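Shared chain: chain A. Partners: chain B in the first complex, chain C in the second.
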Partner chain A sequence: MYITDLKCISAQETYSDKFIKGELNEIKEVTYLALEPNYLEFIPKGLLRRMGKAVRMGIGTGLPLVKAHNNIDGIIIGTANGGLEDCIKFLNQIVEYDEGTLTPTNFVQSTPNAIAGQLALMGGNHSYNITYTNGGTSFENTLLDALLLFEENNAQKLLVGGLEEISDYNYNIDFLANKYKIELISTTDLLQSTSKGTICGEGSNMFILEKEAVNYYAQVLDVEQITYPTQEDLKVILTQLLERQGLKLEDISSVMLGYNGDENHKSWYDFVGNELLPNTTLYTFKQFVGDYRTVSSFAVWLSAHILNESISTKHHFIIREKNNSSTSEKKYHLIYNHFDGVRHGFILLSN
Partner chain B sequence: MSQTRDELALELKNHIIEYLNLLDMTPEDIKNDEELFGPDLGLDSIDSVELIVLLDREYGIKINNPTEGRKILIDVNTIVDYILANKK
Partner chain C sequence: MEKVYITGMGVISAIGNDVLSCYNALNSAQTGIGKANFFQSKYTKSLLFGEVQLENHQLISLTDSSYETGLTRTTLLAYKAFQDAIKDAKLSENDISSFKTGFISSSTVGGMSNTDELYADANLKGEPSEFVLSYGGGEHVLRMVKKYNIKGFTSTINTACSSSVNAIILGARLIKSGRLDRVIVGGTDSLAKYTVNGFNSLMILSDTFCQPFDEEGKGLNLGEGAGYLVLESERIAKDKHKIAEVLGYGNANDAYHPSATSPEANGPRLAMKKALENAEISEKKIDYINAHGTGTVNNDETELFAFKETFSTIPPFNSTKSYTGHTLAASGVIESIFSIISLNENKLFPSLNCEKPIGEEENSPIKVVSEKELNIVMSNSFGFGGNCSSVIFKKTT
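Moving on to the complex of A and B:
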């Protein structure tokens, strides 16, 4: 399947073309908050006032794509937590008002599938509509669903995306579980950090995927995921993924790894980048957008621009450059990411 | 000292803006006799539930009868009248 259009909201100027033209924001905060566009340009005020941040970002990235493309056969969204901030507001109201009169808005907006539902309602799209909430591999599951729909000839064009918001609730709980750093750390220094934990980020990344295409950013070849693996398990599922595509480890020319400055989980990326794929160019990305459970969707957005050569700043993301001996014009690019060492995902792209 | 009618209307407008998250609006933008569900403010059925919740939480007034609600939630004046008559 092919990525033919894409949209991104992140802590960088990715909604416009400033980021891909070289404008990088240096951030030094405990969380990397998304830079949101002026939604009033395309979301009616009456609807916008009810939307939580996750819904806003999802509509902001998804609706322009739904409106720009006809005949979308399905909307598939991946989000681990959805509009968690509104969910907690609603739960707190139940306690605060002793299970009395409750306001409906927070409840309506808080369910993870509110985003895909709003996209369908606002875009007038009444086709297949589903939301995956599989923690750190929610986005990988959207790609798997899309691959299956195309393979079974049940779709020609799909809207697929991954998103997450920072809520006080998830930040505080994850912070207490030592997932985030205590100290302030900048985008420049994050990957050199030797302390535990990472930086919490948020964002929304949406894609138009088509079964066949002539003009496209990148091709998504395959996806694989595993929970609580050993390093040997990772090697096995990566080898299986490549074999399905008729490829070997040596055929991979570049890898995008989810290094996030967390000393606890660095060894996973070292293993894939240095031991399994030592002769590849290595890219990283979380120093610019932080970490969240569906951040692999940002990796796909960035990789699509790199493979399409539509980004002028790719040297900012390279931590090891190798001249692949292959003279083939076909490049195979692998994304490997995990969240907190639990759920691990591989996504294989090509140009 | 008891609250005057104008003070109550101002307080109610602030609550309406807060509960309904009316972006960029101030109390001065809502006229006392302006229809809440008319073309200018453009409130809808979900907002009517929010207003019922507002009256319960802020003034201890419960509206259980939908027919009664239609007569109360017309504009700021009608809501203020109802609060003054029923506030506990």
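Moving on to the complex of A and C:
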């Protein structure tokens, strides 16, 4: 399947061309908050006011794609938490008003499937519609579903996306679970950090995937995932993925890894990047957008621009260049990411 | 295309802690809805619930989980149903840990069933609770991956009240594609202040027994439970006992309103139409429908309209939510299991409390326990966000 269109909201200027044209923002904040576009161009004011951030970012990236591409055969969204801000707002009301009379807005907005549901509603789309909430591999789930729909001849064109919002509350909960750094650290220094934890980011990345395409950003070949693996398990599933595509480890020309400055979980990336795939060009991406459970959707967004050569800042993401790489060859590009060392996913792309 | 068979089932709901006790309750038209014994909320005085009749400590002991901390009721219900399903399918530890065995679950409330602990942790009130890692919708899946040593593909789905039907659908598709040989699919949800207050704020909870398909229905009763099915490919199932075949399925979106169904019933009609097409059968082949039938007049009218548009003669139908209450993400798989019980027992179970059928008498759901030769049955689930799914099962013997 082919990525033929895409939209991204992140802590960088990715909604416009600025980021891919070279404008990189240096951030030194506790969290890397998304730069949101002016939604009023396509979301009515009254509706926008009631939307939580996750819903708004999802609509902001998804709706322009749904409107620009007719005949979408399915809407597939991955989000570990959906509208958590609304969720906890509602929860706070329950506790603070002792289960009194509450308004339903926060409740309805808080369900993770509200984003795919709103996209269907606003886009007038009655097709296949699903939401995956499988933590760190929610986005990988969406890609597998899309691959299956195309294989089954049940779709020609799909909207697929991954998103997550930062709310004070999910930040608090993950902070209590020691997932984030205590010290302030900038985008430039994040990956060199030797302390534990990472920086929390947020964003929404949406894609039009088509079964057949002449003009496209990148081809998505396959996806694999595993939970609580050993290094040996990880090697087994990567080999399975490559075998399905008739490829070997040596055929991979570049790899994009989810290094996030967390000393605790770095060894997984070292294993894949240095031991399994030592002769590859190595990219990283979280230094610019932070980490969140569906951040592999940002990795796909960035990789699509890299493979399409539509990004002028490619060198900012390269930490190791493959020797004698030819420019004309077919390139196989592997994304490997995990959240907290628990759920791990591989996504194989090609130019 | 490879056929997909059900080789194991496990269920826990207000009408029983296993498949057999649920069957007995259905067969004697005994509802499980009533006053809550364990669930704590201001609304336990005024509302009725479909509560599982086991306390957490009993679930812990039934599932050998006393060594774990931070276990939510959502996870405990899942453990119990999952354990029964894998036992029923006689799966070995190696079978479960095969890279070709997947696990697809679903939940809406997840670990938010621990509303008060979540409130404290999210607002940084005091020391982190033991549940701090347990709130996410997919957290019960992590627990189960660890407990049962699952190595293959895993997924968690949240399409609100249609979640676990979508888990069944994805599982069947993964087997048909050849990616998996076997997949355990289902869902779990426990009673929670979060959902009770949410549904209450939408004013769709009934203060009496829910009356699906009654024109004076006052709303739904919330319930809790879990259900899992073991799906196996024809090749792997070989001469194993096959409980039923997953014959077809459909998923569509109503695209009408975030929390109500459209009068044209676009979502429900499309879901059933797609399921029939996918099963490659005529509508005349459906012998029974386990309806979504929440007991809210809006839902029931829409579903009834969808039946009229889809079927030349509406097959016998019921809503087993009149026994269990609405178990949200778990409802699809629980009702699939009840449909399969009907299929294999050749029995139709009554829908409870429908006194004045919507519109006319011929719109009445099943009224008494009756015997009928059943070959193919359908189960519907529709949810918030317009998510509608329908699944069709076929007898194997």
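Quick note on the criterion: the second predicted complex is superposed on the first by the 346 of 351 C-alpha atoms of A that agree within 3 Å, B and C clash if a C-alpha of one lies under 4 Å from a C-alpha of the other, contacts with A are read in each partner's own complex, and residues count from 1 in each chain.
Please note the rule applied: contacts are C-beta pairs under 8 Å (C-beta built on N, C-alpha and C of every residue); 3 or more make two chains touch, one makes a residue touch a chain.
Predicted, not measured: the structure shown is a model, and the values here were computed from it.
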{"item": "Joint occupancy of chain A by chain B and chain C, clash or fit", "value": "fit"}
{"item": "Which superposed partner A:337 touches (first chain B, second chain C, both, neither)", "value": "neither"}
{"item": "Partner chain(s) touched by A:205 [first = chain B, second = chain C, both, neither]", "value": "neither"}
{"item": "Partner chain(s) touched by A:45 [first = chain B, second = chain C, both, neither]", "value": "first"}
{"item": "Partner chain(s) touched by A:296 [first = chain B, second = chain C, both, neither]", "value": "neither"}
{"item": "First (chain B), second (chain C), both or neither touched by A:102", "value": "both"}
{"item": "Inter-centroid angle chain B-chain A-chain C after superposition on A [Cα, multiple of 10°]", "value": "70"}
{"item": "Residue contacts on chain A - larger count, chain B or chain C", "value": "C"}
{"item": "Chain B versus chain C as contact partner of A:61, first or second or both or neither", "value": "neither"}
{"item": "Chain C versus chain B - closest C-alpha approach in the superposed model, Å", "value": "9"}
{"item": "Common ground on chain A, meaning residues reached by chain C in one complex and by chain B in the other", "value": "101-104, 108"}
{"item": "Residue ranges of chain A in contact with chain C within the complex", "value": "75, 80-82, 87-88, 90-95, 98-99, 101-104, 107-108, 111-114, 116-118, 120-121, 123-135, 137-138, 141, 144-145, 148, 151-152, 168-170, 172-173, 176-177, 225-229, 233, 236-237, 240, 342-343"}
{"item": "Touching residues (chain side chain A, partner chain B) in the complex", "value": "45-46, 48-50, 97, 100-105, 108"}
{"item": "Chain B residues touching chain A - in the complex, by the definition given at the top", "value": "19-23, 42, 44, 46, 49-50, 52-53, 56-57, 62"}
{"item": "List of chain C residues in touch with chain A within their complex", "value": "41-43, 99, 108, 110, 112, 115-116, 118-119, 121-124, 128, 132-133, 135-139, 141-142, 145-146, 150-151, 153-160, 166, 170, 173-174, 176-177, 193-194, 196-198, 200-202, 251-259, 266-267, 270, 383-387"}
